[in-house]
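So, here's a batch of structures to check.
Next, two complexes with subunit A in common: one pairs it with subunit B, the other with subunit C.
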Partner chain A sequence: MEKSIDVRDQQTNSDTAYDRCRIPAADVYETSDAFVLMLDLPGVVKEGISLIHEKGELKVRAVAAAGQPSDMKVLVREVRPATYSRTFTLGDGIDTESIDARFDSGVLTVKLLKSAASRSREITIN
Partner chain B sequence: MTLMRWTPARELPTLPSEVWSMQREINRMFDNFFRGNAGEEALQMPSWDPAVDVAENDDAYVVKVELPGVNRNDVKIVVQDRQLTIRGEKKQEKDAREANYHRIERSYGAFQRTFTLPSGVKSDKIEAAYTDGILAVTLPKAEEARAKEIEVRVK
Partner chain C sequence: MMMRIERFPVIRPALHNILNLEKELESLFGTDTYPVAPAARHRSPLINVAESEKETVVTMELPGVSREDIKIAFEGGVLSISGERKERQLPEGARWVRNESFAGTFRRDLRLAKPVNAGAISAELKNGVLQIVVPTAEEARPREISIR
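On to the complex of A and B.
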């Protein structure tokens, strides 16, 4: 069966802040009626996320809130100040009218329901 | 003296941070690879180091840890012998555990970071807050550790 969510990690030309862009870690799993996409976006507030579905692609962009307040002197920096960006290609088996997204504790969860034709169902034996 | 990360590989302190993040990345790939094949036991192993920022101002040190998707009840912050340890576990959601995975890049399992505290931290006044996937631990400085402004008269 064709995989219904594919990931395109190449940066597009529109990503002007190319080297500041951070690719968020993603999990993709499949249940009987949906594909679920989970993305780590720590330090982002809900209002800072844009999720756009366009031409068979799902584009996620997010801006992390400002790092340390300016009166703070940085001693250790491992967290890259970030704009997150990642694009997913959606296959045919997804009902694009019913994409559900929620954001909690720095994790964006996108539920993509399968179209009726691509759901697995158990067939009763008569 | 300032707030120090505790690094077992202390003999390599001059490596640029890119090397450490590359090391983390490679560790993550290995973790993911072996998790795919191993059983439940692999999930119990300390398996990831969350990224940390440390900053200070006149009043306090602030340690910020990236912990997206971690339940705040699964995080423990312990101060002992001038060592601050932040440890915990990121659990996979129940329905996700049964599911058919196409891709696992996010880190799961136990994590731990340890810091040596400078003298002059009010260890009984340490506070922590968890918002939007970031744990912020504030360590207030004791009076004598704060920078004081001393006016020197030039004669």
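On to the complex of A and C.
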């Protein structure tokens, strides 16, 4: 886990292609009435995120804000400018009219409520 | 409950298959268009380092990490960034469908080439990115000598 980098040994890399695509890590949990999707989008501002629901798919696209000023010399570049993109196929049991999304600390959280018919419920025994 | 399960016929590198097999098996949520292991799942958070004459700027990707869980130290020319991304807590009665994000401790040590003004190191955490600005020591900055 520990990693040491000697900055002096790094090569300068001036590759600045913006068309790279990154697949953000996703966590999804299910409750009795919803699915909650959490995507890691570090370096993105809220305004840079597009969340589109179309034809049973939820498409997330986000552009990371510019990094270091271009007049600086790059010593280490593990993160390149890129567009985050990931598409999820939604099942029939999602109420697509009530998708709620918020963005905090580089994490996009999307709450997908289950449609009434697909919620689990306890049946009272008469 | 009716959830549609779809799988796209995709060819993935063998390593991804091994890493993701368990997750793919338990996936009921649906299938991603690109079901490959996300690059973000690293134990060492990714960094960029850039420098100018005045300063060295280190940025580290730490989505979902709170300020209190990050420790920055500078000693013997080495900048250490360590901390923990806490495991996400499931609400009661909930279950994971997919769990790809990194959780656990991390640490990265960077040996900086130039003498620095350690007292003036500053750090900011914004939108899941930690940015540390390390000013170069005055005596190490290039300066122009005026000719009399």
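In this text, the second predicted complex is superposed on the first by the 107 of 126 C-alpha atoms of A that agree within 3 Å, B and C clash if a C-alpha of one lies under 4 Å from a C-alpha of the other, contacts with A are read in each partner's own complex, and residues count from 1 in each chain.
Rule of thumb we're sticking to: a contact is a pair of C-beta atoms (placed from the backbone, for glycine too) under 8 Å apart; a residue touches a chain by one contact, two chains touch by 3 or more.
All of these numbers come straight from a predicted model, not from anything done at the bench.
Once chain A of one complex is fitted onto chain A of the other, the partner contacts of A:93 are limited to subunit C, with no touch recorded for subunit B.
Once chain A of one complex is fitted onto chain A of the other, the partner contacts of A:107 extend to both subunit B and subunit C.
By the touch criterion defined above, A:118 reaches subunit C but does not reach subunit B.
In the superposition on chain A, no contact is made by A:83 with either subunit B or subunit C.
In the superposition on chain A, A:22 makes contact with subunit C only, while subunit B stays out of contact range. By the touch criterion stated above, A:44 is placed in contact with subunit B and with subunit C alike. More residues of subunit A are touched by C (comparison of subunit B with subunit C). Under the contact criterion defined above, the residues of subunit A that touch both subunit B in one complex and subunit C in the other are 3, 5, 7, 25-31, 35-36, 38, 40-45, 65, 67-69, 71-79, 105-107. Those residues of subunit A lying in contact with subunit B across their complex are 3, 5, 7, 25-31, 35-36, 38, 40-45, 65, 67-69, 71-80, 105-107.
Across the complex, subunit B meets subunit A through its residues 2-3, 5, 17, 20-21, 51-58, 61-62, 64, 66-71, 95-96, 99-107, 130, 132-134. Residue ranges on subunit A touching subunit C, taken from their complex, read 1-8, 10, 22-32, 35-38, 40-45, 57, 65, 67-69, 71-79, 85-93, 105-107, 114, 118-120. Subunit C makes touch with subunit A in their complex at residues 1-6, 28-34, 36, 38-41, 43-44, 46-52, 56-57, 59, 61-66, 78, 88, 90-91, 93-102, 105-113, 125, 127-129.
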